[in-house]
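As written, the chain order gives the labels A, B, C and D, with residue 1 at the start of each chain.
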């Protein structure tokens, strides 16, 4: 099985849910929520793609970087390369149902470990989903991260305890889920979190805590103040609020403001290895990969996830050689690949 | 009935007049005047859409805004959310005739009230149209606004009196109708208005007076000088003059110049709730909704108008939670959602 | 006959030569030279269209301009509006041959006069073409302008004499024809003109002399120095050299540099009345209309040319009312329609 | 045979490998590596095309340049115009196999000489390819340049000796091949080169040495320091690393930094004569032509290559007349064709 076969399979199995466009840019699937698309006109999804595309990198080959270092350590865990799997649920409504949520959770958690990295598992209106993710993390002896919806604090803390018992590496809340309509349908209120809310949640656990869904410097600073270990600069794949900024256009400012104080993960439109390099050069410590992992699971199950991640890793490796970036943790060397000059 | 069904119905019933494109951007219908399009090459319509699309907003979820205030008061009337229905006539020539002008007037005036807001009714070469609108306002016990074409002053004042007798909330003139060819066909001259013209008209009534069709700071100031209560920043849906600026690109300057002196309504390319938020953040007090209301009336009649407005309201509500905007009348809090940063 | 019918006829009669695209932007016909397109990839034609499209105008209706003045005087001739017909030849190779060059010359020269303006006639490798144009000018008692290819000076001067005898209003050379391959095929050398060349040509006649094909300030100044009466800012419809600037992007600078010293005509992508207004606002005294006139002749012959011009005139009239431009010769009032503001 | 027939033939013979799009912009063939496309999403190929397209030139025809000088001397060789043929291999995998690598090498080396210029021959995992190129150079009595992949220094030097023995004009390394996957498949390691590596290679030969694949000022300076005779500003046709800068957007800075110290060749998206002129105006001494030469060989073999080059030469000649550029070696006069002005 290779990445071509995985994509071919996924295309056949996802049918009208996703057609694996040559360029996965959010145009075909605009408005398909539930489904694979961005909310409303798909503007946020498309922006994420376009703004990352606008960033170009300087090829350099006159140097000594013939074997760049891709490994890094995040939350005390050694990763083979700086990419984690994004938390995703709802395989039936969003992906067409070829895999169940239980199968998907296992695929991503175990497939990620095979590729030397870790997956995040998600939370949704259906309580089984979160449990499937927790079960997968248990199977993996805790090698996974649990991301919880912005429910009432007590409900979040309850789930953090469940994640702790499963031995999870870290926990978090995707605060941009604050407006999710699907949660309301299940009568499980979600909403924004105040600084005090956040402090209460974070102080309830000794696990590293991640705030997912940050797009501004001021909220990034609030996360530092609240004691979070990491933020995910993300617009939730464009699926919560239409017409937001793109992660790629705000990341640099956020990294300059809080890069020394907190781990920064970037999420949005990562489609190949060079996209990881771009986000690192803008200041991220690592990225999340979303839609391509769905293709991996549906197109090749656990092995498909592993192969997809291995492909990204190989592409990142090649792009670091071709840009002279020696180490994913050496930001100074990374940032100079964004050297820009216009006529 | 829901918004999906309304749009499906409208699509079937409008046929070659409007195909409800996935993105209502003025391309398919370019030049369809009469019809649903923009004048000539559709440049003004398209510009309105594109410039509003270029404005992106900052998602924020670390705050206490879990139940933002959407209600506001305009012309002494409490509205459930800051959106009014734009004045539109000519259901046969422009929309294909599934509803008559009389039916349309009733749909929008009464449907708006059901949704907690108010509609504007329009004027055109066929004198019956204005009368249908006035009749609808009467049925609604005056809850409606009459917008009159820029006819000779005496003709305008005559119609203002008719609107007053109907108990209308406010009256106005869409001055950008000054070049309308269709009016000439009916031998009813229209034209530009001098400051003195405007003063004469405004002094003829005690009702709040609205000047619709302003695109420059200098003309916005003239409206203040003439004693108008409100302006509508608008290029008439791109249907009068091709190749104009877009409301979204001039609104901020206009709001800075006259925002303290006059009510500012923004009109153009409002297609979902987040578009309202954008215009508010740029300085508008409220927006007008046009084409989607046509779909509402044709696709679901009075109930369709109500459901369309309710959908916009729910989307606005969600987008305010997700951007931390607490109150549609709190401009300071609104404007910061346009925080922009580029790589 | 109206403009719609003319276009419909033209579309049927030009077949694979021109399909009258909804937007005549040089994409479909890219590379069709001979034919209706721009040279090579069509980049110059497309640029002319796009740069003119980027210019947007401020709608204004609070003023007293209810009957703007469109008439003007150029080369001592009163024109009903500031637009002339561009010199075009080669009806067979370029347009498909529905009209002959002789018929076309008559259509444009006489149709223009009916519309209150004048046409330029052109020159090409086939000597009959120029003669057809001259004959048409004679029929019109001299009401026409002869534009000659940049042949050897003696050959140009010979043709100037012919034009003088025909009573032409003015003569000129389209210097951007200096690289025309088609001329070589007919063994009639063309080439660039030095300042001395130009002076010699201009001093040979008492008629106003036009240099057509200027795109830079420095060459505009050379024209003033050589004693020319007018320049045409033009890239020859994109048909000579690919990848040039557009007239719309250089016109303002040229007008600022030489606007007081020479008549400036603008040529390129004029497709409706508002395009004339844009060029006037940038500093042109009048414009040339090209491709739409071809449609006029082929779609409705002499009457088609007249109706096409009348349509442009009516559109210009309306756009002046809607922008408050009172007089095509009042540049101060015109330039302020380009007031631009961005968010 | 003319250029039209050559392209028609090539289109038929390349089938799914290349469809000779009206605009060869890297969109249709995105990701086709092997094949004719750019790597991954084709971003680097597309960028090369788009950034060159953004550069527009000033048409000028009031001057004395009626017979511009196209000839130049590079590496001591007189060229009829400043364009060389880019090194390309892999006719089967990349082009569909209508010509063999041996045939292609002969076509380009001998066809170039017929057109008064010279070709570069390439290197790849299959050792026969390089030998075919060397053989062709021998047939041409040394009139050709050998470009070697960035293998281990000893392997490069071995091939330089082979080229010397064949009497090659110059040799070089395409350092951007450092990440080529295809080379690994053949178990022939490639990689980046340090300054010391480069010095060792260059000091091994008395032939002029070319470093191909430079995109930054800093690496251009390293080439000067290492003693190279020339650099090729290139992103390898977008085939090595996705998402790089385009040659056209970095060339000017590179030329300003090292233009007096080293020969600069520009490579990327040259599709017609005016593209050569653009690169010269940005500071290149000459350009490389790639994909159009493939069409030439496949569509018309050796004669096709000659005719393709002759066509570019004729187009360049015409574009120099129309821009007043008198001499391809007169940079001062060339650079002023990029005079830019925006509204």
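The rule is short, and it goes like this: a residue touches a chain if its C-beta (ideal position, glycine included) is under 8 Å from a C-beta of that chain, and two chains touch if they have at least 3 such contacts.
In this text the structure is predicted, and so the values were computed from the model without any measurement.
Visitor: Looking at chain A with chain B, do both copies bring the same residues to the contact (over half shared) or different ones?
Guide: Answer different: the two copies use largely distinct residue numbers here.
Visitor: If you fit chain C onto chain D using the CA atoms, what's the rotation angle, as a multiple of 5 degrees?
Guide: 90
Visitor: Could you work out how far the Cα centre of chain B sits from that of chain C, in whole Å?
Guide: 40
Visitor: Just the number, please: Cα centre separation of chain B and chain D in whole Å.
Guide: 57
Visitor: Would you please write down the residue numbers of chain D that are in contact with two or more other chains?
Guide: 55
Visitor: Write out all the pairs of touching chains, ordered by chain label.
Guide: All touching pairs, sorted by chain label, are A-B, A-D, B-C, C-D.
Visitor: Can you check the complex and tell me which residues of chain D touch chain A?
Guide: Within the complex, chain D touches chain A at residues 30-31, 40-41, 43, 47, 51, 54-55, 150, 175-176, 178-179, 181, 191-195, 198, 211, 213, 215-219, 222-223, 235, 240-246, 248-253, 282, 338.
Visitor: Per the contact definition, I'd like the list of chain D residues that touch chain C in the complex.
Guide: 22-23, 53, 55-66, 271-272, 274-275, 278, 315, 318-319, 321-324, 339-343
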